[in-house]
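Below: one structure, written as structure tokens.
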Amino acid sequence: MGNESHTQENGAGTASNSRRHVLKAIGASGAVALAGCAGEGNGNGNGTGNGNGNGADDHAPIGNYPIEGDTAMYGWHGPLSGILAPDGEEQERGFELAIDHLNNGGGLVDHYDPLSGDGVLDYEIDYVTGDSAGDEETSIDNVERMIDRDNIQFWTGGVSSGVCQALQPIAQRERVIQLTSISHAGPITGENCERYSFRPSMSARTSAEALAATLPDLLGDDVDFFQIYLDYSYGISNRDSMTELMEGQGWNEIGQSAIAFGESDHSSQIADLDEADPDVLVFTTFGTAMADGISQMQEAGVAEDIDIVVPLLSAFSMEPAGGDAEGVIGTANWHPLRGDELSETFVDAYMDEYDELPGQAAYEVYDNVLHYSAAVENAGTFHPPTVVRELEEFEWNLAMGEMAYRECDHQASRPVYVCRGVSESEQQETGTYLELVEEVSPEDSSYDCDIEPAASCEMSEYE
Amino acid sequence: MSLLELEDVHSYYGHSHILRGVSMEVEEGEIVSLLGRNGAGKTTTLRSIAGAEPPEVRSGHIQFNGTDITDLETEDVIMSGIAIVPEERRLFSNLTVEENLELSRISQNTWNTIRRKIGLSDPSGKSLDELYELFPVLEERKEQQAGTLSGGEQQMLSIARTLRLPNVELLMLDEPSEGLAPQIVETVMNAIETIAAEGTTVLLIEQNVQAALELADRGYVLDMGSIVYEGTAEELRNEDDLDQYLTV
Amino acid sequence: MTLLQTRNLTKSFGGLVAVDTVEIEVEENELVSVIGPNGAGKSTLINLITGMLTPTDGDVLYRDTNLAGKDPYEITQLGIGRSFQTASIFPELTVQDNVDVASFAAEQGSFTVNFLRRRDRYDSVRQRTADALELVDLEDEADVPAASLPYGDKRRLEVAIGLATDPDLLFMDEPTAGMSPAETEMTTNLIERMQTERGMTIVLVEHDMDIVFDVSDKILVLHRGEIIADGTPDEIRNDETVRSAYLGGEEI
Amino acid sequence: MSEETAQQLTDTDAAILSWETWDRVKHTERFAIVAAVVFVALWSWLFARAPITSELGGYHSLATTILIWSVFAIGFNLLLGQTGLLSFGHAMFWGGGGYAAALVSLHVYGDPVLMLVVGTTFTLLLAALTGVIALRLHAVYFAIITLAMGQLLYYLATSPLRPITGGRNGLTGIQLEPIFGLVYLGMPLPGIFGTLWVNYEYLLVATVFVLVIAFVNRIRKSPYGLIFRAIRENEQRVSFVGLNVWRYKFAAFLMSGGIVGLGGSLMTIESQFAGLGSLYWITSGEVVIMTVLGGVGTLFGPVLGAVIFLYFEGVVDGFPIVGRYWLLMLATVFTAIVWKYPDGLWGMLKLIASRIRSSVEDNP
Amino acid sequence: MSLLESAVRFTYLSLSIASVYILVAVGFSIAFGTLKFVNMAHGALYLFGAYIGLFVAFEYNVGGSLGAYSPVGLDLGFAAALILVPVVVFAIGLVMERLIANPFYERSLLDQLLVTFGILLILQEFVAILVGRGGFSYDRTGWATGTIPLPGIGTASRWRIYVIAFTIVLLAVLYAFYKYTDYGLAVRAGTEDAEMVQMLGIKISRPFALIFAIGAAYAGLGGILGGSLFTVHPEIGIEILIPALLVVVVGGVGSLTGTIVAGLLLGVTFTATTRVYPEMATASLFLLAIIILSIKPTGLFGKEEVTA
């Protein structure tokens, strides 16, 4: 963290801020009038103009473009406090590692053609980070700071779907690209979609598609299942997708029960579950709530003969659950013991730096930094609309496998990793909470642009 | 040497100067009465002796048994041998009669309590039985909450609980006759007389001049925070000028 | 004319009857003192009349209005003022502000919507405050925080607040307690002036018998919640029941 | 005071040279307003762009946010500082105003002025409803019942009212229309104004801030200000001088709620988002911390408190290594201040100033 | 499931929730009613109880600044935690009374509330910095998991039954302390009139400190029991404080009976609402508190409002 930079070009803030707001307000036509204004702002900045700055390409100023000086800022923003912190801390490490590799080579940068290991384009990359605390208002303030004061070109990170959705309009408004991570709710690439926001990670629907493709093999064909879900957009998206897709596989949903957000007592839902007596429980929750729920089921003696499926599994749920989560089935964006060469390269680099096995959260953010940079290299500019267009048809294949963004909803079509919780002793031994059960191909986990949630996406403008 | 000696005591309630140089003495075995109208400073004198706060004693000395007790905490004053029956009795109304009495058995110091229990104790106060003998009505009511007692019973309980304290050498009573019917006043005064006869020194604060002087050996009259008169009960009874300090 | 009248006024707390079927009458422009030993029920009586307590039984009539059940501010607005036994003032406000609170109440009633009008524009309020402060001789202390006044001055401020509410009938609870002889004399003069110059009716609860017998037109003696005597100072001075209530039966 | 002239206010040399002039001027109404105007005029620039001072890491949108939270804290302080009532549920007005403003822009029209009016009106109604119940209680009970009301609203907004409030996701997609159809808030200001204030949005926020200062200052100088303080010090005595204490407390509650609602609406305009966090009790706790930290009962103390709190949350939070401990540091500062300086930082500054002044006067 | 079994389940669910509320609220109510001290830092005692119990009973890999020493913990088992935690938190309570409560007895309720709230935040952040912000859950050994058969009815959760029984025993102990010990007598008397107790020669500060520490120990035990029912993370101290405060004021400040009745009432309300309208489960507690306080501003068993 010692190399974080917070020094900013004084005077430039006014200009860039004005640029953004005027563009939002009066559209592109006003931008021309403002170019001069921006120039004035530069006058009292640090003045070390860079060949790749204003002069090199002919794009009008937009967002935090053009970059002044020879350093481009990246942002990471995710939970470092609150119950989501375990994933946030991993993400931050992955992020810092990625920046290091971009500037100095190493890790997957050495195995990814568009990247040189000597910055991006001709810029050195610096970064800022912010703690979302899992809270929407705090996040808005933080991201505004990163955009306004630190002039970030893009940011990634985050866990909470609520926070992610609150930030998407800011990405659009400020013309700064956001690559989401982990956030799973349907609307992020549905009704809430924005041109400047991309989701490389799974959506609730992607996970459900993958589970529909594997669960019958794992748990049987003629299965009664029950759903307990968190009563907010993440839980509801998953519930709807699971109902539709599992029933499509011939499974039979025999009941549902909602948990209020923030509620740690699940006794009533467990009572419903016990009464329904299903074969499988689909438990859409996260964080300590999942740990609470599973431990309360065990304590009530209902967990023994029911298989539990938690559509999204990650450190923030697995860490508090400890050994209780043994046998729980779900999906993840990546698995450290996937066994391919690139994953091993990443794992080695990460272990060298931090002396622990990375989880999906660490890799995902690492990957986001890399593939965004690759898109910039391919586009030859940081100009946000150009980079957005580049990303919309971007394909890449690093440690997660074959990935590609879809233009219709900015959801990545991607492989999904179906995993299972392991016992506490195995956790100690392997350093990971999950074992990889099956890798589901992009074809089997994707859905068409004309079905929900993608069907509700009305993409916003480029400039 | 006097048992209790006040020497030019000045006490304040916040900024208000209430006792303006009170000096008085109580000899061992005496019954001394402190007279004066409401607001004259009688209760403040008692509270100053007891080390209660407020008031704040800013100058002067209070000696008891030869020791300076001016700056002692209330509980230490009590344990040095002074018992207090405060104005309005201040019983613990939600506690039973017996619990009110039992409280006095607990001393400030746990080790003393233990020592007394295993028979190594200092001379202790009266036992419950002795108290019930003195105030039979309390035994009948021992399971009752103190708040439900009549005024006279409450006053007896308030006196009785001080007798259960160990080592009482001086008993200070603040208006024990207040609000009581005449025949009850007499019972209370008789009880005080009995206690005094057993050798306890008594400092009696009273508005009821007649009752007080009947009992007392000597008296002080307090007005505007100063002693304006002192003398034997006999002298006080015959002093006509005192009317202005005491009543209509 | 009878200004204030209580009928059968009773207040009990649990089993204790603090005020027992008390019937008193106060004539206009009269100065009535209520005396009695500690615990006789004097404060309870005042509290019942001024609305701090609700009577268990009985009525309080003031100029044909029944006060029972009314809130203190309503009773004050009807013209019944009160000063408290302990200096009930606003310690962190200045002396002038202390009295201003009461002056506003007198000038503009119990509630008005004037939060956008500056209070230094109310000349009548200033005048009323100045008058009250002058009466108690505190005008030089107007800008001093009340907390820093000596005790006697606090009591006078307390009286000034009572005065500024513009009462026709003023209850004064031990106005001279804690005062020096000089202050006591000043207060006595003040009470007399209020009665003669302002035509106020005053009910005084007081332990200083000099004052009581000096200024009262009528004295009520309360003992254990009941009125045991009622008459002119001379009548009371010679009343045997009163002496025994106070002294325990026998003349000293 | 009616003779106060602009001369006195602008003639700073005289003010500095003569304590008497200063003492007379500093309590005048016009001085407070001029001070507020000067403050907002320079604030964003000093905080985010000026040489040297901006090295502390401030930025323009935080400067704006701080002004909005200051409105919140000033409104809250009108209740706590003047009447002594501690509400632990003021988030309901903050969030309530924010949601009302968001809803009117989503479903009716997004003129910022309309949003402010609707947000404030809604909050006044909410304050009237809750005040009737809560004001029967005192001290800690009042704090708890306001907390309970705020939390009830929070949970209602979370689930049963989700169709209206958007539940956990809050309300997004708020589009701002030009004020009275004329000026877009995002439009930059020209020349020196742009350097100082950046855009019309800041101008709107600054205007509201100054108006709120002027309004609260006027209340403090009106009979209400006196009566509120009297209620805080001795409620019983106030009713015994003939004032209807309940109505005055109710008025204080309404005004406080209304100002807070105004601030909440402004927040919605600034962030183009209304979310559950704004209704959560932690938000109520934050405004208590700001106000107490700055100085309960003072006019500018809450502003100082908001500056410090949000600086910690928004800037210190991003510092390397120590950033993680921002809440710990803030909580420690807060606790120490309450412990040693119950009058808050503003009170502490005044104390220090008066010490310096007396030492200066002693040694001319 | 039979109606009877549903009823039994409803009962033990309500009671187990009420148990945690009551154990935490009891100490808060004592400090408030007896010592006239509002102690928001009481929530930290729950937090400490939960974390100390966790690291006494088990070993965990932790985050935060202790992360480097993982795994952390004594691994003595759950029963050892149940014995050690009250002792340790009792001692913390004594220190808290000396260092925090004592200097503030004479200050206003508002100052007390704010300072202790600040201290709660500080302590919470310390915990987070030491062991990280992630959550933990108690493992339970065999004797504490699974169900107990109820002949003719069905089964009940073993641990919940233990929690209830344990709470009943603790409340009985507290009652016995009040009723039968000298210190208990002094505390009851001191609640009514502390100065008079001193006038009987008793150093009231000692029984007061003792009862404060007992209240702390109960909050610590509440932390273990609550921690074992739910998960443990740094914010649980602040989270439990709100229902505990509701229990205290709904029951009436300083009334032990009131605290228990209010705890049960809130427990039942919570469980019942969870059954019929789960989204409003927590909200129902606030609604109930608003209704009760509107009808009776001093709470169910409260005698007078504590102002000052």
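Order of writing sets the chain letters: A, B, C, D and E. Residues in each chain are counted from 1.
Just so it is clear, a residue touches a chain if its C-beta (ideal position, glycine included) is under 8 Å from a C-beta of that chain, and two chains touch if they have at least 3 such contacts.
Worth saying up front: this structure is predicted, and the values here are computed from it rather than measured.
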Partner chains that chain A and chain C have in common: D
Chain of greatest Cα-centre distance to chain B: A
Most contacted chain pair (by C-beta pair count): A-D
Identity of the chain that, by mean CA position, is farthest from chain E: C
Length of the line joining the C-alpha centres of chain C and chain E, rounded to whole Å: 49
Separation of mean Cα positions, chain D and chain C [Å, integer]: 43
Distance between the centres, which are taken as Cα means, of chain D and chain A, whole angstrom: 36
Whole-Å gap between the CA centroids of chain A and chain E: 39
Junction residues of chain D - those touching two or more other chains: 155, 158-159, 324, 327
Interface hub residues of chain A, defined as touching at least two other chains: 80-81, 231, 260
Pairwise chain contacts under the document criterion: A-D, A-E, B-C, B-E, C-D, D-E
Chain D - residues contacting chain C, complex: 1-2, 29, 218-219, 221-227, 229-230, 233-234, 236-245, 247-248, 251, 255
Residue ranges of chain D in contact with chain A within the complex: 48-49, 51, 54, 57-62, 65, 155, 158-159, 167-170, 172-173, 184-188, 194-195, 198-199, 201, 271-273, 275-278, 313-315, 317-321, 323-324, 327
Chain B contact footprint on chain E (complex, rising order): 182-183, 185-186, 188-189, 192-193, 195-204, 206
Residue ranges of chain E touching chain A (in the complex, touch as defined): 1, 6, 9, 13, 17, 60, 63, 128, 132-140, 145-147, 155, 157-160, 229-231, 233, 235, 270-271, 274-275, 278-282
Chain E residues within the chain D interface of the complex: 32, 38, 107, 109-111, 113-115, 117-119, 121-122, 125-126, 129, 242, 245-246, 249, 253, 279-280, 282-283, 286-287, 289-290, 293-294, 297-299, 305-308
